[in-house]
Structures are given as C-alpha cells and as structure tokens.
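There are structures below to look over.
You will see chain A twice below: alongside chain B first, and alongside chain C after that.
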Partner chain A sequence: MTIIVTPKAGPAKDIEKDASMVKQKEMMAAHYDRLTNVPQTGEKVCATFVPGNLNELIMCFDLVNNLPEVNAIQSGLRRQSGAYVLEAEKIGHSEDVCTYVKSDIGMMAKGNIGPNGKKMPDPDVLLLSYTGCFTFMKWFELLREQYKCETIMLHTPYMGDGKITKNMTDYMVKQLKEEVIPKLERVSGVKFDIDRLRENLKKSARAEDDLVRVLQSAKHKPSPIDAYFGGIYYIGPIFGAFRGTDDAIDYYSFLRAEVEERIAAGKGPVTPDGDMGKEKYRLVVEGPPNYTNFRQFWKMFYDEGAVVVASTYSKVGGVYDLGFRHDPDKPLETLAEYCLGVYTNRSLPMRIDMIANYLNEYEADGLLINSIKSCNSFSAGQLLIMREVEKRTGKPAAFIESDLVDPRYFSAANIKNRLESYFQMIEQKRAGGRAAA
Partner chain B sequence: MATSLNGSKTSDIVARAQALFDDLSFTSARQWKAADPSRKVVGYLPIYVPREIIHAAGFLPLGIVGGGDQLEVIHGDAYYQSYICRIPRSTIELGVSGRIDFVDGMLFPSICDVIRNLSGMWKMMFPNVYVRYFDVPQNYRDDIGGSYYVNELAELMHDLGKLRGKPITDDELRNSIAIYNENRRLVRELYEFRAERPWQAPAAEAYLVLRAGLVLQVEEHSAMIRDYLAAVRNEERPRRDNCRVVLTGVFCEQPPLNLIKSIELAGCYVVDDDLLLVTRWLTADVPTEGKPLENLARTFLHQSESTAAKYEPDLKEKGQHLVRAVRRSRAEGVIFACPSFCDPALLERPMLQHVLKDAEIPYIAFKYAENSGQMQPIREQAGTFADSIKLWSGA
Partner chain C sequence: MKTYVGIDLGSTTTKAILIDEDRAVIGRGITNSRSNYSTAARVASEEARIDARFTLFRRALNAGGGKSGELDEFLGALERSFRLLQFLEQLGDLEETCRGQVKGERFAKVEDAVREAIVEIFKRLREEAPSLYAPGAKRKSDFFRDIAGSRYHAQAEDVARAAAIPYELLLNVYDKSIIEVENRPPSGGLSDKFRQALARVLAADSAVKTGSTDVPKTIEKTLDIDLEETYLVGTGYGRVTLPFSKEHIRSEILCHGLGAHMMYPNTRTVLDIGGQDTKGIQIDANGIVENFQMNDRCAAGCGRYLGYIADEMNMGLHELGPLAMKSNRPARINSTCTVFAGAELRDRLSLGEKREDILAGLHRSIILRAISIISRSGGVTSEFTFTGGVAKNEAAVRELKKVIKENYGDVTINIDPESIYTGALGAAEFARRAHLEQPEGRAA
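Let's look at the complex of A and B:
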C-alpha cells in the first residue's frame, strides 16, 4: 500500500503578492462561487479544456465555463490531489496515466468538492475540444460515462508539417457550424448570435495585447516578471473562464501597468518571499510545473537568483507572442486558428524553433526542461529538443523530472541537486566565455 | 504434416513467417527494393494507414511495429524518459542503427501523443526521408470529417506521386484497392477459421502469418494466408481443454511472441484480438467503382474497427465492439494486455471493463512491454483465469 505523507504546514507566514495576484485570486474565487451556485442560479455548465478553450463561444450561450485541468491544479496546490489520484487508482485507473485525469476522477469519487469548499456542479455539456493532447479524448469519454450528458467533439488536426492548411481550417469551421454551435444551442436553449461572438473576440484581442506586453517585459534586465512561476498566475484569467470578458481586459491592463512600474523602478519579479534579489541567471523553461510543491519548487530558483524569462507552458492555452490575436472579422476561422496554434498542437520542429528563439531574444543563459511524467504531449521528444536547442544556441540545457499533481513524483532533493549543478554549469560557461574574450 | 493446395507444409509456412518476424534488418523488403532502382519503400507505424495509396505508387508499404524482444535498445533509450512506452525507443533504435536505412518515407498515424511527437523527431533525425503525420478525422460525417479526410488522402497521394516522379492515377488506386480488398477478405477468413477451430490455427501461428503482411508485398501475403488456411484445414491437431478468450489492448506496441504462446499454453485459446489492426481496419470491401479516395474515406468513416485511438460519439455504443467480438467468436472472457505507459489502452481499459461487467463477461488485465521476458506471472494469471471460467461460468 502506498501512503502519502503530506508535510505538516509550517508556521503561518505572510505570502507576498502583487496587487494583480490579489485581483486574480478574487476573480478566480468569484468564478468558483458562480460555478457552485449553479443550483441556485439555474445557470448551465460547460466543461472544456484549456488548450482549445472556446470561452468566447461558450459565453454566447450563457454557459459557465468549467475547466477540469484547472480544478486538478487547484487540488494540487491545496495538496489534495495525492489522495484523489490514489482514489482513482483504487477504482481501476492505471498508475501509468495522466494524473490530471485521476485527480479529477478521484475528486468526483470523493464528493466533487471545489476549492471553495462547496460541491462542484455536474456539467450540462462536455465540449471536447480535442486540441494538442490525446488524453483529452479519453478524459471526456470517462466523464461522459459518469455524467451521461451531451458531449461535443471538436477535432483539431495536428500541425505535423508546421503549417495550418486550408483543409484544416475548413474542417474546423464546418465542425463549429454544423456540430458545435447547434448542439450548444440545444443544450443551452440560447440562439447563437454571431455579433455577440464578435464582441467577445474583440475583448479577447485587447486582453491578449496586454498579456503579450507583460510576457515580453521579461526581455528587460532585470526581468520584472518570472514568466514560468509568475507566468502561471498571469495566464490564469486568459486561459480560463475570462477570455473575452471586460474582467480580463481590466486585469491585463492593470497587470501591464504594474509590470511597467516594476521596470521603471528597476525591480525584478515578486516572489512569495517578496521582491527577488539580484538576477543572476536567466532561464527559458519547457514543460509544465509541478503543482503539489509549487512554492518549494519556485523557491529553488529565486533563492539562487534564477528567473525564468520565457516558458512554453505559458503558451499552452494560446500562443499570442508570435502574433496571433482573436479576430472578430472572421469569428469562426479565428477560433479554428486559435486551437490549431496552441503550443502542444505544434510539431516538434516548431517547438524547437520557438525555444531556440526565446533563448536568443530573451538573452537567456540556458534552457531547463521540467519533464512531466503525466504529460506525453509535452514530454515525448523533450530529450531531442534539449540536444537540438543546445546545438543551435550553444547554451547549456538541463533536464529535471516531476509530475503535475502527483506528489509521489516530486523529489525535492534530486531536483535541487540538479538545479545547483546546472547553475554551476552556467557559471563555468560564463567563465569560459570571459576567458576566451 | 499437412500441406496446402500448392503443396506447402504448415510448418514451412510458419517457418517462413517466423523468419520474417525475426529479421530485424528487413532483408525481404531490402531485396524487393534492390531488384528495381525505381522501387521505393514507405514505412508506417500502427494502427492504420491506407496502404492502397502506397501500393498504387508501386511502392512497398512496410509496417514498423517496434523492435520486439530481440532488439537491444542502445541509442533509443537516450531519447526517452523511463515513463514512456517502449515502441518509440525501439523504433528510433531501428532508425539510428541503420536497420531501416532503405526506407524512403515514414507515416506516423494519429494514435497517441508519443507517436505523434515521434513524427517530428523523425523529421529532425532523418531529414532525407519523406515524413508525414497521418491525421484522420474524429468526426464521422461524410460532409465534415469525410471531406477533410478525402483532402488529406489526396495530399498523401500527391506527395507519394511526387516521390515516384509521376502522379498516381485513380485507376492505379482502384487496382490497389481491389488487391487489398482481397487481402482483407483472407485476413477475415483466417480470423473466422481460428474462432471456429482455434486448436487448428494457434494464436502465435496466426499472428506470425498476419505479421508477415507487414513486410511482404500484399499479393505475396495473400498467397501465404491462402496456403496457410489450406494447410491447417487439412491437418488434424490436438484439441486442448482450453477456454476461449478475446485478447485486447495489443493494437500498438506488440506483445512478445512468447506472451501470446503463454496465454494459450496456460489454457486460453485466443479467438479474437486487436493485434495488427491495419490488416483488417476496414471491415468491408472498399468499392472499386467511382472515386477511389471518397470510397476509402467512406469506408474508413462507416465501416472500420473501433479502438482506443478513435472517438466513439455514441455513449451507448462505447465498448460494444468488444462485446460483439466476444459474442461473435463465442469467447468466454477477455484478457486486457496493455503496454506499460500506453495512454490509449490504459485510459480506455476502465470504460471497456465497465461495459464487460454490465454484459457479465469475465476479464483479467495485465501489462507488458515488447521486451518483457518473464512470462511466469502471465501464465499463472491466464491459467487461473481459464480455471475460473471452467469452474464458474454458466456454460
């Protein structure tokens, strides 16, 4: 039998937060309250996924967006996911498969209590936006078995050849027109209004502009943000239930102003222990983080003066920094292009190009890959990515392993050890560079 | 010893199939290519590609299903973390070690994220090879998924024509469709025969004969199946007191041959399975009249196998293909054998098990890797399963 021992909480300590983090926390809390109040309000719920999240469309039907991955992350951050994963394994799910799925299924089996302590609602519809991850398909087939509700497949073809073809876009637009929209109309009882969709898309684009400014602020030295650990907070609203809303516009405008102030003051990122000290290492990170020991993981970086200036995980719900914006003038095509372009739907050569460019553009010292046991979409091929990026940029890369929400796969000592070695490697590389000069 | 119509003995046919299986340098495919400088070979991974299009170009479709238990993986492990299944690492080993250096193209079907990403790795590692991620629709309407798929097929047909230096014609494709229809009819006949008299066509033998179709020209493979069926029909083999099972979950990374043998030795006749689905993915003849790409697409959408990599739009239909396989083959139970770390098989398994439970069909489950060596636990588990079926089933 496996026993998970959760470390006892240490003495209460105030966590430093940006004003934007506080604002975001309030937004998320309000959204969870909206979800758990559904039995009182009568609103209907649409469950869907972060990559390929069609929030602008979902809102056209007055549906409330529920994202099971985000629920699993919340369970991870609250250290509940370990027990949920075990529960799922107890009822027959393999130890080998995605722990997001098992956390979600275990949470359901244990009463489906959300992060606000209240019961999460059953979905009225599962919008299976099959984008960049095979597991999504099985996950919603598993949920469909449980909830027996309408399930809508939206298949996003993979960019295997590194391009979006007309055939791909036409296929997706047809699915939206002929399958997704009519079914959402039926479930919600609300008629589709394309002008309403256009309005939502306009709002998305405004927030996306500000998000890109925030992410690209990391080109400054010192970087005013951490684009991985901090980045996870920054992407929360736009990857979740807020893209296409006034709330998202307000949040990203506020966040951008906050970041610009930090640049003006020559400050680095805010960490849970306050302003980060001197920036010593600038890293690009590939892969999702670990959530069960998120703060401990982050601390290993900022204690050493390491800041992440660009990350691929912050592009998993949309790649905006390469120019894509939701376009109200071609509302369905733009939704298709959005889904097609998310990071995990990009071919391996495209991912390598993107990472190598980040290393150069953000003047990073090297690449760190956090390889996640649960996530083959990210992880399969990462060792080749590492070698290829090293070869192209001449900058050192390192590889660590953990998991999303399964605490059994987070080994703090191993990770810390590898990070320390990696920072030494960067120092040696610098010393070598100085000697050569 | 039984012989076929043309005089081949069962043991000779099986020995030929075994030799092809054992040959990790793909000598027969190399020889086929070497015989004519215009010939090309296009490899493909599980679970399905339209081999008719490759054949229509005059090329040899070559099934690559990993390295099995005889390939020592030296380089391949350096490309994958420990928690990723074995087939991509042994496939890379085949590539890096030069065993498939004669292959001109590689198709990576849409089966899971690992094989999907391998397509990009292959592009990076073997830049002179034509590489295509072969996406298939998860929408089964002719006007949506069908239309998308016809265009994808047309693109593949165009690319292979370019590789040949001359476009593939519709007539060439119609001819290839007819040849593959015949091959699929024979494969179905083999499966029906084995379901009827499993002691006459043991699972490991049937598998080897089927597997030969991955490396032989289709015409030669059809002849081999015909010969095998004729030979085993004429031979009386000892009938054991085995129960009858369907083996499932084995559609991508292949189980070691010893695993298949062990299941039968432990008392379970395998009367149906999802091994090498490419050989019978299309469950009906593809029409040879009319537009060939549309015919391929329509058959794919409406008359093809069900498996974990395919979305099932109808909840009531989920898993019913397995129940039907059990009923059709008069199986008494199901063995789930899934490769370790296989997302499609392992995520699918609980849903299929629920369906079997509702249908009161017993099952067991275990995992394997293509290089699993220790069969004793599997033999014990399968043996206990066979005993429990004999003791406790209603029959």
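Let's look at the complex of A and C:
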C-alpha cells in the first residue's frame, strides 16, 4: 500500500533535488535491479505485503523482499494499471475486486515486467502477515496457485477491543517460532540467527525515530511537509524493503535534516511544482490516495493552499507516532506488536480516536475522507467515522470517492467540485457569524 | 442603483438573479446552456436585467398609485409587446443567417427555389408571431431556439411541399443557422426596445389604466436608472470555463445552501436534483454548509435520466409527471442507470405494464436514490427544502413527500416555484457580501 518512487520531475525548470529524494531514488532503483537480477545472482524472493511487513525477519534469511501492492502502485503511477486491470477482468476477476490485486494479476499475465523494464522474479515463498485485509489472503491464494510455492500465514488477531493482550502476542510469537521461522529456514536454507534479527530491529528503531520527527513536523505552521501526498514518499523506504537497513537510517536522517531546514526557513511543503504557496487550509485525510492521477489529485490541493498535516494512510505500514518502536530486546514480541498495531488492524473506535486526536493536535481545519471504491477494508464504516469525528471535534468533514489504481474511477471534475466546495465551506465556517444573514 | 448578480451555469440551463442592496430579488433570467457558457451567462444576465426593468416599472407605477389589477394588465401587455419585438429581432437575424447558408454544391440547381422558400417561411413566421405573444397564448418554452424551431419546422414542411423542394434542405439550413444565431451575443439597446414596446401598447389602447400616473414619463424615468453590475458571482458546472477570477466563483453547493436559506430561513436540509447531479446539503441556522454528499461518477437518477425516459417514451419532459400521477400501482424499479433505463422500459411495456405505473416507479427510484444521498449527508432533522429542475415534477414531489415521511416522520417540506433559481440566488447574495467586504468591489 505504499509507494516508493520519487516525485516525477515537475516543469522544465531545474528542480533542486533534495538529498533525501536522490537517496530514495537510488535505493529504489537498486532494489528493483536486485529483484530482476535474481536469475543471475541466485537470490531467493519472498513476496509479502506492506501492512505487517516483517522485513527485519525476512533479511535474516537473505531473502529479497518483493511487495505486490507496491508494484501495483508503480503500475498506477506509470499509467499501466488500467490495461492490467482490464487484463485481469478478461481472466475473470470482477469489476469490484481490489484493483491492486487486478493490477498485479494483469501485470503477471502480460509478462510481469517491473518498473525497470525487466522481468520480475517468481517468488520462492509467500509470507502473509494477515493484518486486517481479507483480500490479501485471497490474493496470495491466487499467487500460490500460479507459482505453486511455499505459503506462510502469520495470523494477527484483530484489535477489536482496542488493546494488545499478552495472549495475543503469545499467540503470534508461537506462530513465528513454530511456523514462520522454520518455513523460512527451509525455503532459504539459512539458519535463523536471533542476534541478526536484534541488529536489524535496532536499525529499524533509529529510522523510525526520524520518521516520527518528520511526520510530527506538520504541527508547525506553516507545515513544512504534506503528510499525505508528500507523506507517501516519506513512508516509502520504511514501509518497503528497507526497514532495518543502513540505507533507511541514512534516508531518514537526510530527510529529517531537510525538514528541519524548511521549518527554520518558514517554508511550506515541496510540491511537484515547487514550494507550496500560502498555507490556507490544514487537513487530516483518511484513506489511501488515487495513484492513476496522483499529481492531478495533489494539485487540486496545493493550488488551493490546502496542506495535509496528518493522514491515516501514512500509518498502514506501521503506527509509530503513538510510541511504538521495534525493540531489539524482545525481538519476536516486537514483531507481533508491530503487526497488531498497523492501521488496517485497528477497530473503528480506534481509528476514530486517532483521527479526532490528529485534528486537535495538528490544529487542522477539518477531515477529508477519500473513499476507495475497490477497498472494502478501508471504506467500510468511513461515513460513521466521519459523523463521529465531526461530532467530537466540531470540525467540518467531507467525503470524496476514487480508486487506487483503476483510472476508470477517477472523475476529476467531480472530485474537484467537492474539494472546492469543501475548502469554501471551511472558509465560510471561519467567517462564521460575521457573514450570518 | 447597485445590483448584485448571481449566475448559475447548469448543464441544461443557465440562470441569473439580480438582487438589490436590500437583498430583494429584482430580476430573474434563464436560458439554455447551449454548450456555450459564456453566451449563456450573457443571455441569462440580460434576461435578468430585462426582468429587473419590469420590477422597477412596477415599483414606480405602484408608487404613483396604480391599482394592482390594472398594473398587472398593463405590465403584462408591455411584456408581451417587448417579447414580441425581441422575438422579431432575433427572427430577422435568423433569416439573414439562413439565407447566407444557401450556397455550395448541395444547393446547385435549387438555390433560388430554396432562397424563395426561406423568404416565404420567415414571412409566415413574422405574420404569426403576434399570435404567439397574444394575451393568454401558451408557449411550451420561452427560449428562442424552441419557439422559432418548432414553428420553422411546421412552416417549412408546408412551404417545401408547395415548392417541391426537399424538406431536409430547409431543415439543414435552419440547423446550421440556429447555433450561430444563438451564440451571437444579444444586441444592445434595451431601452429603445422598451420604448417601442410601450408605443405599441399605447397605440393599441391609448387609455391605459394605471392610476393618475403619466405612464410614458414614469417608464422613461425608470429607464434612466442605471442598473450597475456592482459585483457578480458565478456558480455551477460551467463556472470554471468562464473568465471569472477566483473571487467571483463559488461552489454550487454553497450557493444552493445559502439560496435555500434565503428562501426558507429555517431550512436545515436541502435536496437539489439538477440535470447531472444530485446534492444533499446540510446547513446551519445561517445558511452555512455543514456537510454535503452528491452522486458519484454517474448521473443515474438525475434530471437527465427523466429527459432520457421522456425521449424513449416520445413524450415531453413536462408530461412525465402528470402521467405518473395517474398511477396507483407504481412498478418496482431498482435500476436508476440511465443506460439501462431504455431497456427496462421496453421490457416492462412488452410485459403489458401500464405506462403510468412504470413512470411512477421510475420517479420513485429517483427519489430513493436521492434519499440515500441525503441520509449519507446526515439525514433530515428539521425543515427540508427541495430545489432544482426536478422539483417542478409533481410525481417526483409526491414520492419525495412519501419517502421523507416514511423515513423521517412529519417534517416541513418547502418547494418554491422558482426553486430552479436557488443556486443563482445564493450566488447573488455571495456577490453582495463580497462587495460589502471590499467596498471598492469591481464588477467582473
């Protein structure tokens, strides 16, 4: 569910690339090359998903991490997902199925060519950390059928009561010990070394500290970052194949330094068209973005002076700003707690609390929900979330609809109309009694 | 005098409202949007200015002691006379344009005959024009395109037969010309047209009864009042295509909310069903929008859907409601998909279902969809206002009242006969407020 690319270059004028952007681009390119070079290097591939991504553990077995949703996002950004989705529908997947799945299936059907133009490798193992999205399970069922490879499922109990109990972590640690680790050892031929895991976890925590600083920088006015559109770039490395690596530590320290510089200079976020103009609206956004028209979508915000100061989507691969860090002192428990805490595994009341707190802590003007047509896991209950948050905070909310990577469900005129109405509504609310009839 | 203009550029029609400094509506104008928003905006606001003149005439004559019955009669005659002049003027333009179209290969050998036919058609149109604007005459539409079109078609058929030339040739000439004429900006000189109209009325009945007032003098004085376009705000789907700067544009959701509040200050929920969208809007005690929902990506169940059904049934849009009202066993129709509607309709007709029952079912399904949008926006808690073109449809209104009662109990439901102007009214008020906020407010 994450995206790991640098923003496409904006207008012809020379854009000064920040050190973090350059670094991320290099990391991504190297990672895709590593994946597509597997036939030569003989490395083994583990496919897994962003929420509940156990990268620290995967690296202990010298496996290369491949994330199908990230590939779907890449296809969306490169405007190829439309054709892939159609291909998947031709094979027999219905119109309402998650479009990440269909983009992935369609991409495989069309030769499985990755963003670097080379063929993506077949997975040697499918590792599903089940964290609230039922579709992921079906997705891997389809992949298992296709690749006939080892499949591992780590079941994460749902946070229905809003808290993690010892029972839950014990249950997960047991699975890790008895199922996940033995199978990974078998597939990779590498013996598990818990000290190696501790080392990786230590690195994760360092990068996580810097990420949280970056995300919380949006409490400044003006906010130096956009925590949704920009946030998607910021979460790339840590949600993907880099958590627990030195690369991630470097990336987040560069990023943090850049953001601190922006704060010192009183600057707003960087957009594809350069520095954003005056900050007029501060929003909290719930739900994934649209990737097929990502820049057009973002532009509808920054053109109007709207900046997203907090988003739930930037928490799908791990919620760190509420205090969780990977802990090398309890390596398996910490992996369990990480999976339990990801956004998609949180109950509706937990999501409501989180959003309402964001609105207050980040002094936002209101909540915007982007409801994804093909993602029931995110969309179910969103209207209830909206009402409850409105009631608790007294701040206005709005609802727009689009899709992840199916270009057919992005209606620019409709979305723009709603966004503009929403911004004007905020404006009007501010004017309040002054304009009252 | 200062006037504030609100223009609502809808997908089907463009509406304009003129209000004065006391927020009183002094003029309303409407025209078809004709895929040319900038002309539509100009035409609608000119129509609103014409209407405003009549309001001012009435105010002046009223002040002069005119009795309201007599005033109505006089102003009615003046308006008919004015409309006739306006019609004849556009007819002249249309004739000239039509004649200009008669050239090229298509017309080889028949060029002269077609030209003569056109002269004859327009002669007849001019002759019958006064009857179109006679007292009590009913017109299905007030848009020039509709009136001129239907009469041209009727006359052309006769003339073509008599002259033994193909009817299609004459239609082709018309089709090409009407677009051109319609998109020509309205010509100036409104005051002169009013004077001529007045002269005609006086010539017909020199003893116009309007109290002791000197009518020509009063009219003349009123014509001298400058209707200054103090501030203009545009809204609706076409707003972004207009050369309005940002300060002159408001979202139609805000405009509808404010417009409904001005009509009914206790309104808390507004439903607007327009040509291509349906909006459910919640507003507070000041007309400020609290929440809204609208149809997504698809215009199912909007005004266009009814237009499509009317076409499929070979009926006029305004005839659907009355026919549906005759039903007492509405069909159960689930789909509001405009594309499927035709198939559903034919299927049911072939099964022997009655036209009125099918239509009643279609109206109900539109309303059910609208109610789902309203409930998503927060439901109905207090006074409720229904606006937009579909609010003129009695069958839709009947279903709405039923469904609201079933879901929300007894609530006050407001439907203003002028509800089509709700968005424009809100826009005009936004214009007034914007001007107050910057006293040097320039017109757009």
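As a working rule, the second predicted complex is superposed on the first by the 413 of 437 C-alpha atoms of A that agree within 3 Å, B and C clash if a C-alpha of one lies under 4 Å from a C-alpha of the other, contacts with A are read in each partner's own complex, and residues count from 1 in each chain.
The rule is simple: a residue touches a chain if its C-beta (ideal position, glycine included) is under 8 Å from a C-beta of that chain, and two chains touch if they have at least 3 such contacts.
Predicted model, so just to flag it, every value in this text is computed and none were measured.
*Asks:* Pick one for A:428: touches chain B only (first), chain C only (second), both, or neither.
*Replies:* A:428: touches chain C, not chain B.
*Asks:* Counting only touches as set out at the top, which of chain B and chain C does A:295 meet: first, second, both, neither?
*Replies:* The answer is neither, since A:295 touches no partner chain.
*Asks:* Using the superposition on chain A described above, determine whether A:418 touches chain B (first), chain C (second), both, or neither.
*Replies:* second
*Asks:* Quick one: classify A:383 as touching chain B (first), chain C (second), both or neither.
*Replies:* A:383: touches chain B and chain C.
*Asks:* Could you tell me if A:130 is touching chain B, chain C, both of them or neither one (first, second, both, neither)?
*Replies:* first
*Asks:* Taking the superposition on A as described, I'd like to know which of chain B and chain C A:401 touches: first, second, both or neither.
*Replies:* Both partners.
*Asks:* A:157 contacts which: chain B (first), chain C (second), both, neither?
*Replies:* First partner only, chain B.
*Asks:* More chain A residues touched by chain B or by chain C?
*Replies:* B
*Asks:* Based on the superposed arrangement, let me know which partner A:171 touches: chain B (first), chain C (second), both, or neither?
*Replies:* first
*Asks:* Across the two complexes, find the residues of chain A that touch chain B and also touch chain C.
*Replies:* Of chain A, residues 383, 401 contact chain B in one complex and chain C in the other.
*Asks:* In their complex, what parts of chain A are in touch with chain B?
*Replies:* Residue positions touching the partner: 91-94, 96-98, 101, 128, 130, 133-135, 137-139, 141-142, 144-145, 148, 151, 153, 155, 157-158, 160-161, 167-168, 170-171, 174-175, 178-179, 347-352, 371, 373, 376-377, 379-384, 388, 401.
*Asks:* Enumerate the contact residues on chain A facing chain C in the complex.
*Replies:* Those in contact with chain C are residues 383, 387, 390, 396-399, 401, 409, 411, 413-414, 417-418, 420-421, 424-425, 428-429, 432-433, 435-437.
*Asks:* Taking the touch rule as given, give the residues of chain C at its contact with chain A in the complex, in rising order.
*Replies:* 237, 250-254, 261-262, 265, 286-294, 296-297, 376, 378, 429, 433
*Asks:* Given the complex with chain A, which residues does chain B contribute to the contact?
*Replies:* Interface residues on the chain B side: 78-81, 83-84, 88, 108, 110, 112-114, 116-121, 123-125, 132-133, 135, 137-139, 141, 143-145, 147-148, 151-152, 155, 308-309, 311-313, 315, 318, 338, 340-344, 346-351, 353-354, 367.
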